[in-house]
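Structures are listed in the sections that come next.
Each of the two complexes below includes chain A, the first together with chain B, the second together with chain C.
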Partner chain A sequence: MTKSSDKELLRASFKLEYPYERSPGPVIGKFFDELSNEVLVGTKNSKGEVFVPAAEFDPKDSEHLSEFVEVKNEGVVQSYTWIEKPRAHHLIQESFAFALICMNGTNSAMLHMIANCKEDELEIGKRVKVVWNQEKTQTIRDIKYFEIIDD
Partner chain B sequence: MKDIYILAYAQNPIVADAKAANEVELIMPVVHQVFEQTGFTQNDIGFTCSGSCDYLQGAAFAFVEGLSAIQTNPPIKESHVEMDAAWALYESILKIRMGDAETALIYGFGKSSPGDLPFVSTLQTDPYYMSPLWPDKISLAALQAQLLMNKGVLTKKDMFKALTQSISNAKNNPNALVTAVPSEDDYLSADYLSSPLSAFDCAPISDGASAMIIGTEEAVAKLGQPKIKISGVHHSIESSNFGARDLSTSESIIGLGKKINLKSVKLDFAELHTQFTYEIPFIRGLLDLGNLDINLSGGPLAGNVMMAAGLDSIGKSYELLKNSDFHNGLAHASSGPCLQQNMLVHLEKIND
Partner chain C sequence: MTEEKKDFFVSDISLSYQYTAGNATTRFLNKVAEGKLVAQKCPKCSAVYVPPRGSCPRCGIATEEELELPDTGAVESFTIVHIPIPGNPIVPPYVSAMIRLDGADISFLHLIQEIDLAEIRIGMRVQAVWKDKSEWGTTLENIKWFKPTGEDDVDPLVFKFKE
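Coming up: the complex of A and B.
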């Protein structure tokens, strides 16, 4: 008997996806609605801390969050990783960075991408601003990416 | 509360590509080995629990297939975690503590080679704010590594040292996949996949399976082998709100160190579920491990079977205690981006 490990592997095409839709609910839904209007909103806890992207609850004490505040579409890079050669699935197929960005006046960070810059222009603490996608889908992708603010 | 001991552990040789061998064929040999080590059959097992990830096979409830590797007739008490098998061990510990079983069989398996693992892992992230941006597993780890380097917590040199120590130690594990130690020049000049991480900093894509049997004091006494006790085990998770976590530290790991009372234990070694080089100096610092030997088995950098590698940390610690003069070992398992969820296990050799 030949072992399976000696045989050729059968191959079939396969699309990696969630084959279902999700309902974003009142908090994340509001955040996405506003994104499609090119407005960034966050949720505020009773201590006055603001979460962008909007959080449904405070990650520290689970306080239910429902108060929305608008924030400017500028922030500061908390960390980043430069991807010189983008790989399959990456949305930007030229060199770009993933980054954690703390929007001005907020107390958490947002994961997104930074493009239109060179690696050596990027550093922790750099100021960046939103570049909107022309086509809105009411998803996190309504932000196309961030770019560096020239001082 | 009942004391719980590890009775047996087995690991398949870790391979980069198991080709057409299916999951059942990966699991069967290790299940047979742990039965051989104990003299048990499935009838001696009170509870069976497995850990795996359906995304690797690309089908819902794919893990059920794995059950074909064990004898399930007459019907058995069984469960599964969509996690590393270290958490299947945790569920089994609870089951025994509750008095529902005296023994448990745990197995974990993963075949990562058919897919693109860093992106398969993306599907496990937040489906609203994260996964639509396709952040791969390496890039998420790189965000933490960059932050830690920026804060002066660690350097590329520390990461290289962690890599060379791990790969040199891999000679202790006949099942290890990677045994070639890179030169410092090769390491420092390697292109970054996601800065500051190159392919050298990432655990290899691996296929394999591992199994373990645990049991009560009565069960271990019958075996007449060194008694390796699970003296402490706790796990904790940080927020799913990725941007709200402080990635420059780990509340989870620091908290667990206190919970299992590490300060009071004179550790001989630690086996850490570290899938990226930077995680070794990072956790060494968080738990104040000083010069303690870490990953004497080579650890995940020498072979990293998804959903079994955490259980392997515990299993390799068991083997080390059983086959040496060591008395106390620390094992760690992890899950989620940037060490989001962690488990610490204190294993102790009990002398009669």
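Coming up: the complex of A and C.
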């Protein structure tokens, strides 16, 4: 511990960690695998609705979903939160947005980041597209971020 | 998913933070750095707290009187740990114990070593094993662990919080 200059109180930096192993399962596993091929897949229910990221069960009626469909790597901003000053743990160190993005042709939204834009350029309904990470890890990080499509 | 694909990935959750010890703990740890275990006593109910937190949780008043306790005590409760915890340098099996110092009314968590695991029991008398003085700092890690003294056990009823 070190003494803080102002009050002679002891201080120390701590790090609380909980590393654990997680199984993605057959559906999200397939979604991650395809990300490393720069392909986005969703699952389709019997009504023809598509969920991206691929869902194992229909969020409304719990129907078991196993039919995979490929979707285009473009979507629409459903909502967002602007991060003006990223913290050390954020993957992007310049101002960016966390956003719920509805991929074209789907009935769901995916949480990811939108970068390479200014705050006043971003709005709900804006069209965005995937920017892929060069290095693939078969995780959601294979999508580096989304960026606005210039119309 | 086919057999050769990876089934698991490591998910890391971590929280970095700054801990400020506060007045009572700072005083306690500065004394620990000198090899002393200094408790605080409640002016109302006379309960002795080590490590002290600056107040008596029962009476809700500040504790200012300080008194040095010996580095001997007894096992109030214990667990034998057999399962390794990732990132923990201590090799199982080892004993984590709540240790009640002589003269204290609460116990604190520390290790017990230099013991046959079959011998560990509530009421067993123990004494601190300190690191070399050159390694002392403002941490309870100055005490490497506690070891049995071989004295007669104490009656577990002494652990009852005095009214």
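Definition applied: the second predicted complex is superposed on the first by the 132 of 151 C-alpha atoms of A that agree within 3 Å, B and C clash if a C-alpha of one lies under 4 Å from a C-alpha of the other, contacts with A are read in each partner's own complex, and residues count from 1 in each chain.
Please note the rule applied: contacts are C-beta pairs under 8 Å (C-beta built on N, C-alpha and C of every residue); 3 or more make two chains touch, one makes a residue touch a chain.
Please read all numbers here as calculations on a predicted model, not as lab measurements.
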Partner chain(s) touched by A:D33 [first = chain B, second = chain C, both, neither]: second
Dominant contact partner of chain A by residue count, chain C or chain B: B
Which superposed partner A:P24 touches (first chain B, second chain C, both, neither): both
First (chain B), second (chain C), both or neither touched by A:F14: both
Chain B versus chain C as contact partner of A:L100, first or second or both or neither: first
First (chain B), second (chain C), both or neither touched by A:T139: both
Chain B and chain C contact sites that coincide on chain A, given as residue numbers: 4, 8-10, 14, 16, 18, 22, 24, 88, 139
Contact footprint of chain C on chain A as seen in their complex: 1, 4, 8-24, 26, 29-30, 33, 88, 138-139
For the chain C and chain A complex, residues of the former touching the latter: 1, 5-23, 25-26, 29-30, 86-87, 137-139
Complex contact set, residues of chain B against chain A: 18-22, 25, 58, 114-116, 118-120, 122-123, 127-130, 132-136, 139-140, 142-147, 150, 191-197, 239-245, 247
In the complex with chain B, residue positions of chain A that touch it: 3-10, 14, 16, 18, 22, 24, 28, 51, 53, 55, 59-60, 78-85, 87-91, 98-100, 107-113, 119, 124, 139-141
